[in-house]
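Let me begin by handing over the structure; questions about it come next.
Lettered A, B, C and D in written order, each chain numbered from 1.
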Amino acid sequence: MTDWSSRVQEISGVNPRKCMKCGKCTAACPAYDQMEYHPHQFVDMVQTGRVEELMASKGIYTCLSCFACVERCPRNVQPSSIIEAVRLAVIRRQGGNHRKPDEIPALLNEELPQQAITSALRKYSKGG
Amino acid sequence: MQRSVIETAASLLETGVCTRVLGWKTGEFFYDVTPAVFTSAEEVRKDMVFTPFCGANLSKYLIAESRKEGKIAVFLKPCDTFSFVQLQKEHRICRENVYAVGVQCPGMSDPDALKALGLKGLTGCVQEGDTLRVDTLYGEKAVPLADALSLRCRGCKSKRLHDCDAIIGTQGKDLQTSRFAQVEALEAMTAEERFAFWRKELSKCIRCNACRNVCPACSCETCVFDNPDSGVQNKAAASSFEENLFHIIRAFHVAGRCTDCGECTRVCPQHIPLHLLNRKLIKDMNTLYGVYQAGADFETKPPMLAFTLEDPEASIITQGRNGQ
Amino acid sequence: MQVNETFTPTIVAFCCNWCSYAGADLSGTNRLQYPANVKIIRIPCSCRLNPMFILRAFQRGADGVILCGCHPGDCHYTTGNYYARRRMTLLFSLLDFLGIERERTRVEWVSAAEGAKFAATMNDFTETITRLGPNRRLEDLRCKEV
Amino acid sequence: MQRIGVFVCWCGSNIAATVDVEKVARVLSQEPGVVYSTDYQYMCSQAGQEMIQEAIREHRLTGVVICSCSPRMHEATFRKTVEKAGLNPYLLEIANIREHCSWIHKDKLTATEKAVILGRAAIAKVQLNAPLTAGKSPVTKRALVIGGGIAGIQTALDIAEAGFPVDIVEKKPTIGGKMTQIDKTFPTLDCAACILTPKMVDAAQNENIDILSYAQVEKIQGFVGNFTVTIRKKARYVDENKCTGCGLCTEKCPQKKIPNEFNLGLDNRRAIYIPFAQAVPKVATIDPNHCAMLQKGKCGVCAKVCTAGAIDYKQQDQLITREYGAIVAATGFEPISMDKFDEFAYSQSPDVVTSLEFERLMNAAGPTGGTLLRPSDGTHPHTLVFVQCVGSRCDGGEKGKSYCSKICCMYTAKHAMLTREKYPDTEVYVFYIDVRTPGKSFDEFYRRAVEEYGVHYIKGMVGKVTPQDGKLKVQASDLLGGRQLHIDADMVILAAAIEPDKSARPLATMLTASMDTNDFFTEAHPKLRPVESPTAGVFLSGACQGPKDIPETVAQASAAAAKVIGLLVKDSLTCNPCTAQPDELMCNGCSSCEKVCPYGAITYADKPFRGPNRTTRIRRVAQVNPAVCQGCGACTVACPSGAMDLLGFSNKQIMAEVDAICR
């Protein structure tokens, strides 16, 4: 049985306990209406160990990786990194990447942040 | 030069400008020159010399001599005058009791350098311009002065005579030399190589204290190593460690006060290049805290007794080199 | 340099009374751990540290010596740490010149509020010294070559 | 032969849980010179102290080592203890086996071993301790208060009331500080000016108080009881003694477009100005950067209209040097800059204001005469959004401050309440992370805002403010409602974090007083000495020590005054006996020590010494003034001959500790 909560913390490098539950991430989120759970809830759910629910949620693919939450967070918690880690956890559980490594370079744009690239790859090819 | 030095000394005594003269006389061999105090013109004319082997820096003797009754005349080469000024800066010399005669210096020779050139049975020597005429048991030989110079004179930093009442010869200038070349060569080595170098050199030390006793900066009333109350007294080293302690602490105690006169290396019977330790500190202080020459003036604060807010951190010595 | 698995170095930390000793106290108050090899000696100010004390520590078997003082500008005595900075820089440089591992000595500025920094510094320094192994070079410097 | 007693403290379980105290006492009893060794639950308790005293008498101890908490905690306590038992207080050493041992180690074996070594070091040191007697230094009976806000005023008034002269140095043209800009005060809602201005007048009229306004401290020398301070009184180009404060000049000055600092730039003032009507001293000041006469040599209107002839364009800065026995730092706070908080559109819309600006907009003497109007178009706002914790409680430091600014919750509640009271047609939202209202009548005040005044308190944060069509589009989260809110607001008010005044850092450097990483002054002890700086003779008043509201500031100001009075009533102070001492026989007279001494405690004297053969030698030797020497030890290392040593921390003592630790 994998402890997904600590896996997510490990993958993201984020300590959700730093969160002081101010909700500024959620206030800044442009995709709020499309999400089942919201940035502050991601953080809370990872902290309280409700990662399975989060992994089952479609909401994690709605996150745009726009980094507004990261930028605004006064505690440097980085909700979008947590979301990305949850997406990664989903992939790891399924046991495989959805694109072959040699397909990737052609799709890259150097201007894009690394996380946006990888999260896009995961989001749009989740069907495999 | 020899004649004018002796005549000046004699006339200073005859005219009563001073009651004693601090100069040089020969010892067992002609090249074995030793400091001496003369009290009459006769003595001066009989014994006093000024030869290419008068390396001894006379300034240190003024600490005691200038406190005695009556005025003393002293003969100082340019590098000696730095020590003279530095000691005055430290309030060690009663300047009013001293008549300082600056003697311009072509560079002092080293008997070992002559021996190294293959000369044997030395009996006398005269300097003529750039040439040294050496009398030996096997006849007279001419040697270029540059080849006979002692190590420290090859990197002479200045021919300027400081704070003199009279000058024999002409006033000189500061020189641009590469006196830090050997320090730089050592710095360029790896830590292991440096360690090996110093292990080879320092293991020769017999702890005779000659370096300390000749050094104008090592002129403490009581040296910490002689003081039973200091907690570090060691007249003879009790362990191999204490030799290192002695040389490191000595270098540190004279940091910022050492004029780089080179006496320590000159007198070392084991030929340990002790001046390199001092030069390393001088070089560090010059690069880190701005160029400073001890004894060049009366005003500038020595770097060890000053600071700036922007001084580099101690970690600077590890910067710019790969960790090894 | 041989690295001994069971080697536990002896480390002497000289701490100025006003900032770094208080910083060390704070790391205790906050229960921040650092190795027991580190023993602290209280001095009034970093400028009280005579290079002789450092050499003495090495002589008696210390493997590393660290000086902690107030941050530049914060010295309780206004200027003490500025002098200490120059002295230690030159001493460390001289030791380095003699080929002694320069990582064995360190200066770190630790304020009374930096308990965490104190503990982190001591952890890091102990790790460095453990990696270096026992201090032999100062002793060996005088030994004849074989 | 030394007879040393060793006392190992359990500190309850603080030490005993991780250190085998009995073993430590047993092992240390074997050390040379130790004749008595024991352990006890609480050495610092009455019983523990009596035990030490009894052992000193019974075993005729010549030295005492106490293995306990940090000497910074109880060294003074135990020194008194041993002194009462007839032992010189400096024959005591403390081994710190709590902060430096039991609290940082978990393994009992390791901790015990370390405690033994620390004990040995202390024993080795105490073997070499010498009895020391403290000297005396006089106290100048005058205090300096730096900063003329409510903290400085209160401190000065209390000191003056006790009969000691006190000077207030204020960098602005008037005293009063931030409180002058505040409209009403929580939780009583009385007007700030009504309670502050009488105090300002009291300060001005008190004959023991000298107000140096428009002045700054330039240089501080000396030490507790004997400070010498140089103060720069900036030229205000108006003779303070002649100016009557009639204000005619401030009406006639043709330079009209200068942002008024007092109203935070919400309106303008002239080049010659009086900050506000109740200013103390009420004299005009010329702003040299905007005055046409001083800049271009043309104008002179103020001089022409001034009937008192007070204008003096040739006035120069004046340097005043005075002696003080005590110094109080009361430099106060500033709201932080909003530059780094683009999301709230502070720089894009004048209708986004800080709370201090909002105070001015609500104040009857403010730019709008007390009517709340939008700065952009002067219309009456209907929807107001307050954002709390702007720049407070931030991690990482670069953008904001890590601490809670403490006062924002209460003043925001006050603003919301006053807005609703004056303008019932408004909708007021307050976005909060937590509402923190510890304080007398504070939570009741906040609840009143919610329950009686109908302020909408929403748990959540504003994420974005966008100015659009004269409105401010506010996007925020409502965490309890589980929704994202979009509010069309007329004004947004930011509760900006507060930080120490910029002048505090250079002042701390001059005072050699320590500061924390946020530039707040550090107190000597966070609980037991909260109004003193660790630097003797320097005291802390108000928000320069940490965020505070007015009642707390006044309380601390009076506490600091009490401490100052306690110092100034003394005729002399006991000096630290751990001072430098030269061994004249070894001194070279080289002046190295004199050059590094930060206190000028070292002088030289020519003294006769016995030379060889019954001669006398005159030698120049160093002399230390023990009243001036603070015992830093810089001279001891500068001395090449090792003639200079430090009592209490001698070369031999420190080396004995080194030996004990490394053995």
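Everything that follows uses one rule, which is that a residue touches a chain if its C-beta (ideal position, glycine included) is under 8 Å from a C-beta of that chain, and two chains touch if they have at least 3 such contacts.
Keep in mind the model is a prediction, meaning the values are calculated, not measured.
Participant: Any chance you could check whether B-D or C-D wins on number of contacting C-beta pairs?
Facilitator: More C-beta contacts join the chains of C-D.
Participant: Using Cα averages as centroids, what's the distance between subunit A and subunit B in whole Å?
Facilitator: Comparing mean C-alpha positions, subunit B is 73 Å from subunit A.
Participant: Compute the distance, rounded to whole Å, between the mean C-alpha positions of subunit B and subunit D.
Facilitator: The answer is 54 Å.
Participant: Roughly how far is subunit C from subunit D, going centre to centre by Cα mean, in whole Å?
Facilitator: The answer is 31 Å.
Participant: Counting only Cα atoms for the centres, state how far subunit B is from subunit C in Å.
Facilitator: The separation of the two C-alpha centroids amounts to 35 Å.
Participant: Check each residue of subunit C and list the ones that touch at least two other chains.
Facilitator: 51-52, 56, 73, 79, 83, 87
Participant: Quick check: what residues of subunit D touch more than one other chain, meaning two or more?
Facilitator: Touching at least two other chains: 596, 638, 651, 655.
Participant: Where do chains touch, given as pairs?
Facilitator: Touching chain pairs, listed by label, are A-D, B-C, B-D, C-D.
Participant: Provide the residue numbers of subunit C that touch subunit B in the complex, in ascending order.
Facilitator: By the definition above, subunit C touches subunit B via 51-52, 55-56, 58-59, 72-73, 79, 82-83, 85-103, 106-107, 137-145.
Participant: Which bits of subunit D are touching subunit C when the two form their complex?
Facilitator: 70-73, 96, 98-101, 103-107, 110-111, 113-114, 117-118, 121, 508-509, 512, 514-517, 522, 534-535, 578, 596, 598, 630-634, 636-638, 646, 649, 651, 654-655, 657-659, 661-663
Participant: Give the list of subunit D residues in touch with subunit B in this complex.
Facilitator: 583, 585-592, 595-596, 604, 617-620, 638, 640-643, 651-652, 655
Participant: So in the complex, which bits of subunit D are touching subunit A?
Facilitator: Against subunit A, subunit D makes touches at 343, 389, 393-396, 399-400, 433-434, 459-464, 475-479, 484.
Participant: Which part of subunit C faces subunit D closely enough to touch in the complex?
Facilitator: Residues in contact with subunit D: 10, 12, 17-19, 21-22, 24-29, 31-34, 36, 39-45, 47-53, 56-57, 60-62, 70, 73-80, 83, 87, 111-114, 119.
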